[in-house]
Amino acid sequence: MKTTERIIPDRLQSPIQRYLKSWETLLLAVAVAIFIANSFASPYFLNAWNLSDATFNFTEKAMIAFAMALLIISGEIDLSVASMIALASTAMGAAVQAGFGTPVLILVGLGTGVICGAFNGILVTRMGLPSIVVTIGTMSLFRGISYIVLGDQAYRGYPSDFTFFGQGYIWWVISFEFVLFLIIAIIYGIILHKTNFGRAVFAIGNNPTGALFSGIRVQRVKFILFLLTGFMSGIAAICLTSRLGSTRPSIAFGWELEIITMVVLGGVNILGGSGSIPGVVIAAFVMGLVTFGLGLLNVPGIVMSIVIGALLIGVIAMPRIWKMTRTN
Amino acid sequence: MQVITQDQSSQDRTKPVLVLDGVTKVFPGVKALSEVSLKLFPGQVMALIGENGAGKSTVVKVLTGIYQPNKGDILLNGKPIHFSTPQTAANAGITAIHQETVLFDELSVAENIFLGHAPRSNFGLIDWPEMERRSVEILDGIGANIDPSVKLRELGIANKHLVAISRALSIDASVVIMDEPTAALSYKEIEELYELVDKLRSQGKAILFISHKFDEIFHIADRYTVFRDGQFIGDGLIEDVDRTTLVKMMVGRDISQIFPSRDSHLGDEILSVENYTHVTEFADISFSLRKGEILGFYGLVGAGRSELMQALFGITNLFSGVVRIDGAEVIIGSPADAVSNGIVYVPEDRGKQGAIIDLPIFQNITLPSLGRTSKNGFIRLAEEFKLARKYTKRIDLRAASLDTNVENLSGGNQQKIVIAKWLATQPKIIIMDEPTKGIDIGSKAAVHEFMAELADQGLAVIMVSSEIPEILGMSNRVIVMREGRIVSELTDDDLKPETLVQYAAGINRER
Amino acid sequence: MKRCKFTKIVAGLSVVASIMGTTAFAEDTRIALVVKALGIGFFEAAAKGAEEAAAELGGVEIIYTGPTSTTAEGQIEVINSLIAQGVDAIAVSANDPDALAPALKKAMSRGITVISWDSGVAQEGRQMHLNPSSTPLIGNTIIKLAADHMPNGGDVAILSATSTSTNQNAWIDAAKEVLPNYSGVNLVATVYGDDLSDKSYREAEGLMATYPDLKAIIAPTTVGILAACQAVTDAGKIGEINVTGLGLPSEMAGCVDSGATKSFAIWNPIDLGYAATMLAYNIHNGAATDEGSSVEMGRIGSAVLDETGSAAMSDPFTYDSSNVGDFKSIF
Amino acid sequence: MLKRLITSREALLMLIILVLIGLVAIRFPRFITLSNLAGVFNDTSPLILLAIGQMIVILTKCIDLSVAANLALTGMVVAMINVAAPGVPVVVIIAVAIGLGALMGAFNGLLVWKLDIPPIVVTLGTMTIYRGTVFVISNGKWVNSHEMTQAFKAFPRYELFGMPMMSWTAIIAVIIFFIVMTRTTLGRSFYAVGGNPHAATYAGINVGRSQFWAFTISGALAGLTGYLWVSRYAVAYVNVASGFELDVVAACVIGGISIAGGIGSVGGALLGAIFLGVIKNALPVINVSPFWQLAISGSAIIIAVALNARSNKNHGRIILKSAEKTQ
């Protein structure tokens, strides 16, 4: 193979060019538009305290959404996240009844999440079952256990220092939850975009067989992703339980679909292989802004969900329609 | 099956039954076919020849109604016809045995044969008994003894292929297209296929036979047409042409299929495998490999060669037996273990197993070497590009940029990426499974040359191949496998095509 | 590029926020009536009452709102947006007494008057709670309604709303307490229909299958009583099983006509909404909420607060074939 | 032939259901009376109808999460029609329900077919849109029993040969779709599309169009169920059948329908639905707290999918066996 020296350039497009054409930019434009529309629509919108309150509508969901984004990029899905919150919260409630303090509660919450995640992970990676079905099953199972434990009862009486996680403020209007959300966003951004692990996630999502044949421990990576999702559900359970100050089996009901919507809106390909954490962050803000803005106008939640649903289909359909009309 | 009488077909011999005239097919960014012409005559086998990307498969898809041409005419018996769907093509009497096994595992054999044109009973409902009866008829006609009511997934590869052929025959066709029909067949099955082609020819059907293999073409075809880069290059009678001319037409320059000459300086033993056994796939495999050696594995399709290699690479791990590398016993439970022990594997199925085609070139190359380009698990892009640049240069890759997705490359360049990916891990042993399957002649020679170069540098190479010239041209030593076992090990003077085939087919038994 | 845009907006935002943060907007007193879920007849009627009170008071704007399904999280989001709008008072019928408390505490800390009505909130999460009626009285009434029509005693079962409904649970406990006073009345089961028609219907069917000797189903919820009535009618057991409990005359008229329900009780939801609004208005304007203090409820009278800060509005009123026709067009 | 029947998934599931019913009967003999079993079947009818539609969608490698919302919207629309125009005969109401449901299903199908948006995203979106639309058109108000006409409410209850029309509708749907799925080109194309979309294209089947029809059928069945549900329970409101889509998917999974497409049958969907129906009805009867129901059905799904995966497992190539035979 002695041919003339040929230099292949590293890139044709600079990263900046690429960003400008990206999904995130489109989404950011949508977010800004919604922000501006909101500030015109309601006089109460541009208020620091109100905006701070608004973040609570999405921070807990977004924390899970980051782990879910990685899971979906790897080609799997976890529908049991909301049920893991319920079970973790129930476990924490039981710990309170047993007289444990805040540090133990946190361990119990995180531990329950991790155990649930491991259970999903084993079923999917060891037994080779499709994750969508497995987690439809565990979704019923985990919440079902909460119902068996709690029935029509509630756990309450959380220690007063426990309330900090869901109700505390770090500085001025900056809540603990919001700061946690930002830190987690940065951590996940780094994991996905800047580490070997993240690269493996993308490879697996694009072609699991190819990744395996490239020497990546596919099942181990997927198992870790299920663990992470469980862990994040544990964190969300701590925040939510602290914010509500009580545990009922119906806690966080229906969140799984909102979380997946957030992830997909953030530009993560539901079929796996592509997506970004900045996209999910912006999507979280978009959903939070829509909900909060419409809430200020006293629009019922279900009407907001129409907007979110239409947004979900619209932002995915628009580029495709545009492409279709251009090629024709 | 429809039988057309001999005199009827001989009448039409000189008049083409199907003509493509100036057909152009454009995809976004690619002109797959550019004003090509093709004539099919009744009772004759037309070989369509061309390298990968020449447009052969596109022609098949145009003829079977899967693609609609942008320009040009299709004439059936002299009349222009438009195939808007696969259904209209079938109705016009054009049927195809496709390159890929396009069958349905979960459906019954009968349904696989008749899907889309099943016999109907009253109320337009599918008539299952009639469908099974006619399936038996067709299967018997090609000498296949298959129960039409079983699910396809219960059949072996060879029988599946017979079902695919039966499906093509179930349509009362005047034109039969065979798109690389022998690719997945063993020696014996290929012979049977030839008989079938002869039979169809004698029935007066026009046959379009697409193949890479010159032996086949000269054995079976009456005429040839050559495409290159989506353009028509020439056609004529097979008897008027020789191999060199055809190759020249195909690649546009002179290429002799000469394998690189090598001086074999074999080093120490690097790999030894003892009594390697898998529950269902292979048993009692023992062999050794030396540095600088190219060890060929020959056998029929389904002899268990790929399965053995994938077990060595840690994909499957139900085995007993011992593997030693440099004399030390190793346990390989996953590909990751294999790579860290210096064994790498270039798989047969490039698109699915070899490369991750939706990721850019540099990421494919660095994927198994991330441990070296990164720091504490954090990616360092500059290091990655450095590594990718080094190895793409070494394999002489042709690509627009290292950031291009592998998907956009030709088969040959994709294969080069897979090889580069493994070289970057600095392996001791490289296993290549059908390394030149489905890549163009130019790239083929490059891969061969490169393989020789690697061996000369002291790398140990295992090459699985079903192409006898390649096996003979490249290997220092050849192991022949049959039905999951090693039946023979051949060197030097024993390395003759006949011997290989005899061992592989079980005609001559050793051990 | 995009980051720069974002920081600009954030900067601009905080400036605007600091200017606008303390500005009051409305001259009207704005009272939010937060219900368990929108669309339920009972609450629609309560909203009517609230409007009536607003008209009477003048200068009061009613924001009738709530989640679309009976969840605590949904109510919290609604309450957060009400806090953001800086309403003057919130009167809430809670889906969960504890989960709402932190959000409502926050509302109170921002100077919003908070009361609960119908279904209460934990004491620290509100200034007062208005019970539609006294809990023991309701508990007694629902058992009595069943007992009146089973002179020889027999099995009865309770079909409740969600297992977390504060008021339903309290009434059921009260009912159980007075049970010994009704000899022969035997409570065999308590099931939950979650205030969903179909689930309530199935639970009622399950009761009938499990307890063949069942004489009465008591449903202290308007959704449950309707569903149970439908289930009994469909099973052809009118006359055998009497469905009773709490229902709205407009919805129950058919059941009474068919005989599936002999009698049922309810307080006037219009009055309840009216009273809640009056209370919220008066407390917002400085009425005391200590134990024993009395707050005016307009035409209803005045509410006297007990040691838990609760007060009762009125007695439940019983409807049967003789009077249901007169009320079915009202609520 | 007999062997194949006995080892089939459907037969196994049937056996499990019979054992389950038997166990319940030990604790509570009245459970196996004909009238009670008929009642269980009647209760399960909506699930059966929806499971058939979902099965077809899953066969084509898609999923339809919007069925419950479709049901709620259709139910509300027909209920409102009934209130606004009490004179409209039930036949017309049913036709409107099926038509409207099919329209919503077709909308899903079009997005999947023409825009190539993944089905889970499409139906996640339309699920919230359809459900929200119920709120918008009804303004959140309930349509209650007393507002509906007798004729409107009577249809699902009308008894023919001792069984209500609700049950008959499910039975008829099972028969019709059994024929459609085994004996028509459309039915077989669903299997082909899900089993091997690539090959289906070569066999002249338009993959997208088949998926479109699958969604349309699923939608039509959801619409029909919408009317039946609203008239049977005599109430229409926003949250009718909320969360039911997961029960429907669960029924399909338990019934052996492969989420990867191409494998499944009407019988499987029927039995999967009945399995869930029996559990739902049996728990209160044998005095197990209803709070156990969720965990039990969750476990059933996990066990079912594990069993299915086991029976479908690719055993790899058997190369050696033939070698041993020839020796």
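Per-chain numbering from 1; labels A, B, C and D assigned in written order.
The rule we apply is simple: a residue touches a chain if its C-beta (ideal position, glycine included) is under 8 Å from a C-beta of that chain, and two chains touch if they have at least 3 such contacts.
Note that the structure is predicted; figures quoted are calculated from it, not measured.
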Shared touching partners of chain A and chain D are B, C
Most remote chain, CA-based centroid, reference being chain B: C
Nearest whole angstrom, what separates the Cα centre of chain A from the Cα centre of chain B? 43
How many angstrom lie between the CA centroids of chain C and chain D, rounded to a whole number? 35
How many angstrom lie between the CA centroids of chain B and chain C, rounded to a whole number? 72
Multi-chain contacts in chain D, i.e. residues touching at least two other chains, fall at 135, 140, 238
Residues of chain A that touch at least two other chains are 151-152, 300, 302
Do you know which chain B residues sit against two or more other chains? none
Checked against the stated definition, the touching pairs are A-B, A-C, A-D, B-D, C-D
Listed in rising order, chain B residues that touch chain D in their complex are 64-66, 85-87, 90, 96, 98, 100-107, 111, 115-116, 118, 124-126, 128, 278-283, 302-304, 307, 316, 482-485
Note: in the complex, chain B contacts chain A through residues 28, 313, 315, 334-336, 338-339, 345, 347, 352-359, 362-364, 367-368, 370-371, 374, 377-379, 385, 389, 392-404, 421, 425, 446, 449-450, 453
Residue set of chain A touching chain C in the complex reads 16, 19-20, 24-25, 28, 32, 35, 39, 42-51, 53-54, 56-57, 151-154, 156, 163, 166-167, 243-246, 248, 250-253, 291-292, 295-296, 298, 300-302
Given the complex with chain B, which residues does chain A contribute to the contact? 1, 3, 5-6, 8-13, 190, 194-200, 202-203, 206-207, 209-217, 273-274, 327
Which chain D residues qualify as touching chain A in the complex? 63, 65, 111, 115-118, 120-122, 124-129, 131-133, 135-136, 140, 238, 243, 246, 249-250, 253, 259-260, 289, 291-302, 305-306, 309, 313
